[in-house]
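Got a structure for you, written out below as structure tokens; questions coming shortly.
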Amino acid sequence: MMFLPGGILEEKIQGFLEEDIGQGDVTTLLTIPHGIIVEAEVVAEEEGIVAGIEEVSTFLRDLGFKVDIRASNGSKVEKGTIAMRIVGDARTLLSTERTILNLVTRMSGIATKTRRVIKKVRDAGYKTIIACTRKVAPGLLYFDKKAVMLGGGDTHRLHMDDLILIKDNHLAIIGDVSEAVKRAGKVASFSKKIEIEVSSEKEALDAVEAGANIIMLDNFSPKKIRNTISLLIEKGLRDKVFVEVSGGINEFNVVEFAATEVDILSLGEITASTKALDMSLDIIKVMEE
Amino acid sequence: MMFLPGGILEEKIQGFLEEDIGQGDVTTLLTIPHGIIVEAEVVAEEEGIVAGIEEVSTFLRDLGFKVDIRASNGSKVEKGTIAMRIVGDARTLLSTERTILNLVTRMSGIATKTRRVIKKVRDAGYKTIIACTRKVAPGLLYFDKKAVMLGGGDTHRLHMDDLILIKDNHLAIIGDVSEAVKRAGKVASFSKKIEIEVSSEKEALDAVEAGANIIMLDNFSPKKIRNTISLLIEKGLRDKVFVEVSGGINEFNVVEFAATEVDILSLGEITASTKALDMSLDIIKVMEE
Amino acid sequence: MMFLPGGILEEKIQGFLEEDIGQGDVTTLLTIPHGIIVEAEVVAEEEGIVAGIEEVSTFLRDLGFKVDIRASNGSKVEKGTIAMRIVGDARTLLSTERTILNLVTRMSGIATKTRRVIKKVRDAGYKTIIACTRKVAPGLLYFDKKAVMLGGGDTHRLHMDDLILIKDNHLAIIGDVSEAVKRAGKVASFSKKIEIEVSSEKEALDAVEAGANIIMLDNFSPKKIRNTISLLIEKGLRDKVFVEVSGGINEFNVVEFAATEVDILSLGEITASTKALDMSLDIIKVMEE
Amino acid sequence: MMFLPGGILEEKIQGFLEEDIGQGDVTTLLTIPHGIIVEAEVVAEEEGIVAGIEEVSTFLRDLGFKVDIRASNGSKVEKGTIAMRIVGDARTLLSTERTILNLVTRMSGIATKTRRVIKKVRDAGYKTIIACTRKVAPGLLYFDKKAVMLGGGDTHRLHMDDLILIKDNHLAIIGDVSEAVKRAGKVASFSKKIEIEVSSEKEALDAVEAGANIIMLDNFSPKKIRNTISLLIEKGLRDKVFVEVSGGINEFNVVEFAATEVDILSLGEITASTKALDMSLDIIKVMEE
Amino acid sequence: MMFLPGGILEEKIQGFLEEDIGQGDVTTLLTIPHGIIVEAEVVAEEEGIVAGIEEVSTFLRDLGFKVDIRASNGSKVEKGTIAMRIVGDARTLLSTERTILNLVTRMSGIATKTRRVIKKVRDAGYKTIIACTRKVAPGLLYFDKKAVMLGGGDTHRLHMDDLILIKDNHLAIIGDVSEAVKRAGKVASFSKKIEIEVSSEKEALDAVEAGANIIMLDNFSPKKIRNTISLLIEKGLRDKVFVEVSGGINEFNVVEFAATEVDILSLGEITASTKALDMSLDIIKVMEE
Amino acid sequence: MMFLPGGILEEKIQGFLEEDIGQGDVTTLLTIPHGIIVEAEVVAEEEGIVAGIEEVSTFLRDLGFKVDIRASNGSKVEKGTIAMRIVGDARTLLSTERTILNLVTRMSGIATKTRRVIKKVRDAGYKTIIACTRKVAPGLLYFDKKAVMLGGGDTHRLHMDDLILIKDNHLAIIGDVSEAVKRAGKVASFSKKIEIEVSSEKEALDAVEAGANIIMLDNFSPKKIRNTISLLIEKGLRDKVFVEVSGGINEFNVVEFAATEVDILSLGEITASTKALDMSLDIIKVMEE
């Protein structure tokens, strides 16, 4: 959902590498002679959706490698699929291997899970939007959200300045849903939508009547969701609002929630409980410069 | 295993916050008046080991909050345990809540898993060291390793300059285990240990004879591990070397590997496949300044 | 419209100071003894709306100054009004004076102009939203937008990730307004609005029919605007869309545009053609430490 | 007056872009396919002097664009003059367009005004140096000063370490002009000039006698300036000092001040009250990669 | 010669610490319990001039230490003199000890040598200015120059923007001394002096006649210097120019050069060949928190 | 001992350049026309070992220069030896000359001294390891250690996270050598060695018995060292430990210490008291672009 011109991502990945490498890779300097060129493959060790391939390729090309992308961002791989082929300086590759793999396997893990959740929902016949939340690994906001997008999910807020989202802790201070929406509506930029978290059917109706563009049903059971939707329909408000449900939804119960006909289901666990996709980097050919 | 003086961690957490906040928190400014003081609690929503509590507390104190730590780093919490109590400016808290929680819940998730793995091994009567690898989330090397340490695990290399660790891809170039160890031994600083990854019993013996301080048995089955250990004992080499096993070990088969009497088991999944510990931040009291 | 927790703004202002100060303030060290405490006033030299006062106050307090704000952000000052009173180390104040004034006078200049434009529109009886654009001074996005907000204007997009805004150059590639809106609508996050720039009445209708939330009439004359509005009303589409006009609007013709009953008028010149508000910093008392 | 080797400016401009782009350009990714190449022109929409052209060209070339400069830094353009022709990746261009234009139009606006002021002075037959002050936009010291230079003006101090300049607030502490100059003279590096702001004819004479290299007549009327110059001539001191006048000078009265035969006139408004030169970027051709 | 407001130096010293500490101090965490308070002394192990004391004190105070300065910047110490007494957290002190000492001992070594050179010149009855050059340790420009200043030397250029200094390599391109000075004079800001390096008596005269404010006699023998001075006197030019000599001057022959009556002697070795002053940090008292 | 992939060193050297250049090189812009290409040589002005050549070459190549390395890192040069030949833009070379030379001459000075010390020891027939300490110039840890390595020395700790090294100030708190080693041994990662500083023969024995991998004899006289070694041999502990001596060793007495048959001699002065190797950069050919 977002495009970054050259240089910005490379700088972030360089930062990850610098953290890992410290004062330098002592193993490589001691054991690998200067001037060796290698060919290596990044291979999937299990089935999944790859992500981060283009991000690390740009970075590797900046470091002087030739990179041949075999499985592009968002595509499906099987055990044994070669995702990238890399040719270049052996010392540099050995020093960056772990940083690159850590990024690609995390992003691929997130994309894989997102796609799996969406597939379940689509297979059951629902068009519900599947979104992530801001529960990302600190510092990886861009990469985690990009991975969700590549898996087919909705990125939700990109950060705290692109959507007005009034949550339970705001309401603990303001007290009243209608008042909160009105207060925001009076001063918000026309360029932003207004969303609010609600905890009861009544609050849901109040919020929509006060002008909220999106309501987030927080920890509602499927039954409570259906009640809310029915009430909105009754009052003729269903078309005026996007309905999001968040809290307690996971890969296993997602279809049950989708069946309630809400618009959006958001799952914190897509980015917060991640299983890196198993991938490895293997040197397959050694040449002199 | 590592101590950082004030300022360094705070700067990193500030960086995470800046990424999340963009041009500013639009919701908070629009809905929450200036000058509100709140009291909030960070509460565990499930059982586990907390980590990151002291890291975020220092950060919050720098932002002007009073923080009362109720569950210190490394301690066990139950569902409902209050980990921290925080008092201070409402707007600032609402803007930093997610960044803080993302860090604490990730670190606590890693510490919890580490502790669980270690408990299984200790309960089975083994003293094997349980270590993580460098498979961390990019940019979170310090935090992920610190969480492992708080869970009772060994941090392994902190980055690429603190241990000579010759891996399969190095060997793909050098060709020979003995040669690799000798090459490193000739030029390595006396202050560093030398470790090498081996793929057969013979390589294991060669490595130890060539002077390796640690050998890493890569993807060995328990049976193959036992063979290797027996051979080392036969040759009188067992006391000269630490034996680490890596590859294919997880929470469920770890005891089987521990039973082989190796010194160290390292599990990539401790940091690479993480389930954030469920925790929330709740405002419990609202005051005027 | 946006709130930043402590530390972020101070870091930016510190960066401005570092650029200005180079290897250090040679004048101050040579002529002012260590340990002098001064009291100083920041005084308006002309009528206007002040902005940036709270931003620089936080920065000055971090440097150890006592700051008494006399004219808060967004308030009106006359020639001679004291905006702030500052007490602290003479050397530090002399070294930071220009950086502080440059920020406050620029922001105040922008707030003053914004307020003046809005006053004209309100005095003529219109409720039109007056917005700025992204035509800010490079690096000053936050400060310029904040100043607009303090003057009563709408900040529009805070950066490129918070609104989908399809402009003439996008259309030069895509070719067709309907196609552009539909393409965006199919993949955009539910959390974002979609705006599109149009160059004819037909394009305006097409855009709304395709689902745009906001249309921007680019360089339309007041007459052409009225035609567009009429057509939207005729088609029953007026309530479905925000209508923004941009291009060729300035302080002098703004009322004429407001009279067309559009929703938003955006003026690049509010931030791109700025006249700093004349303000000075005067030391009024000298004390020993 | 200053030369920066490659990399430094690009890093600053990259910083401006990063601020603007946030988590990425959502519009461009959603609407523009990968692999489109465009040709675009930067065109002047009004008469003026262009500046910043070479700065942004280097930046664009680093991003992979071919750039053909048609109007070099400091040259005059008419309405319709093409300043640059740019060929390259459509997505990247659409994402950087505003950042580039913001820099070029601000710098060109400053250069245009500087040139206009100087032309008035030269047309009236005076050789007076026209200088800017440190009243720049925060963070844009280099760019604002460079624009002044391209307009033909003197950059004055580049920052606080390159000239000893004793101002009114220093004197509020030191008390006496002679004492201030002598104090500075005793310890200043031989590599720096000493300038002092004076508020009366007597102070002007005292400063020169104490050894000041430059005196700045602060807010002197033309008549008071003439008196001061006469007194300096009388005392045989005119050749020993540069005379600068600052305060209250603008585009409209500058000739009157130049007529006093001072050496330097410095105008804060050249950089503090800027009108961006109107320029646009238009895509004129769309190609496949 | 230069003053920096709070925050800037601390940031630089923090950077030095971060480089040294990597992922954290493993020794301190493992061996020193949390909550120990210590009192420590920084003691001179040999005679010299201390420098950097105030710089590191500010840094230590920011880290929460109480610091009592016993030997202020620029003062003389004997073997055994206590320069600072520090009270605070044991872990933090053990982690920062080496960074602090590295800065203080380098700066003190530079100040000591500068003072010794100057003393020789003054003892021989000459008032010659003793200056350093830009031959500093990379990244330590501020600290090395500050140390020279504290030793009583002249800091010369603070960086490349505060003096026009035409050197041999510029002349290798321009060809002619007069031409070079004139070219610079035509466009240089009035705020800067112009200096040029010359390699013969003739070039010296040409440079002064062309308007150079300072001439640098490059690698002149004392005899050649005297000739040049005589020629300048003959031509009535001696008062119009500062004469600097650079190249081949050291602690041992400096008096011989001073005897030539030039104005400035600059010695690269003051900052390029440094002997750190021997100082140590000793914990003298251990307390519980 | 350490390898850094492209980009990291260049960024550090760029930082050094930025510090030196400030707002830009005023001399070069004023006197050297755009578009001049020069050929230059970096020449040794005295005998020594060069270091830093490859580091600055990479940096220069990034700036667009063609660089021909004539004397590679670690090789010996005589007075007059050409170390590098550089071809490229004149303005850029004149602006970077000093930064490059400062780095190369410092590193070469350190490498030269290291090699000289080692030669003395080897010529006397000893194989003792010669190591540096952490007494480096702040911010130059990588470069100073790399220079030691190029001179043939051991880099010792690269920073505070790669060796457990318990020093006198730790012992001032812990009190007891055995206790300190045991405490560290219980929690240290298996990947790190444990070293401890001892001040008596008894402490040396205690440390080895407690399991220290390395002992550092602090300020021991050669006689006391011999006693310690004898005692270790007597107790059968000599083979279990590396023996390092530190304190009071210099170029002149190093052989006397080597004669004691310790394993490692570490000299702070290699990096703390440095004499830059005299080298110059001369433009030898001037061309038009």
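Read from first to last, the chains carry the letters A, B, C, D, E and F; within each, the first residue is number 1.
Simple rule for what comes next: a residue touches a chain if its C-beta (ideal position, glycine included) is under 8 Å from a C-beta of that chain, and two chains touch if they have at least 3 such contacts.
Quick caveat, the model's predicted, so the values are computed rather than measured.
Colleague: Figure out the least number of contact steps between chain A and chain E, where 1 means they touch directly.
Modeller: Minimum number of steps from chain A to chain E: 1.
Colleague: What chain is the most remote from chain B, judged by the mean position of CA atoms in each chain?
Modeller: The chain farthest from chain B, judged by C-alpha centres, is D.
Colleague: Would you mind pulling out the distance in Å between where the CA atoms of chain D average out and where those of chain F do?
Modeller: Distance between chain centres, rounded to whole Å: 44 Å.
Colleague: How many angstrom lie between the CA centroids of chain D and chain E, rounded to a whole number?
Modeller: The computed centroid separation for chain D versus chain E comes out at 32 Å.
Colleague: Averaged over CA atoms, how far is the centre of chain E from the centre of chain F? Could you give it in whole Å?
Modeller: About 23 Å, centre to centre.
Colleague: Indicate the residues of chain A shared as contacts by at least two other chains.
Modeller: In chain A, 1-2, 21-26, 28, 30, 95, 141-142, 158-159, 161-163, 187-189, 192 touch at least two other chains.
Colleague: In graph terms, with chains as vertices and touches as edges, which category applies: line, ring, star, complete, or other?
Modeller: If you draw each chain as a dot and join those that touch, every dot ends up joined to every other.
Colleague: In the complex, go through chain D and note every residue touching chain A.
Modeller: 14, 17-18, 21-26, 28-30, 62-64, 91-92, 95-96
Colleague: Flag every residue of chain F that touches chain E in the complex, lowest number first.
Modeller: 13, 15-16, 19-28, 30-32, 36, 38, 40, 90, 93-95, 97-99, 101-103, 105-106, 109, 134-143, 158-170, 172-174, 180, 183-184, 187-189, 192, 269, 272-276, 281-284, 286
Colleague: Spell out the residues on chain A that touch chain E in their complex, using ranges where they run on.
Modeller: It is residues 22-23 of chain A that touch chain E.
Colleague: In the complex formed with chain E, which residues of chain B make contact?
Modeller: Touch list, chain B to chain E: 1-8, 141-142, 145, 158-159, 161-162.
Colleague: Could you list, by residue number, the parts of chain B that touch chain F in their complex?
Modeller: 1-2, 129, 131, 154-159, 161-163, 187-193, 195, 214, 242, 244, 263-264
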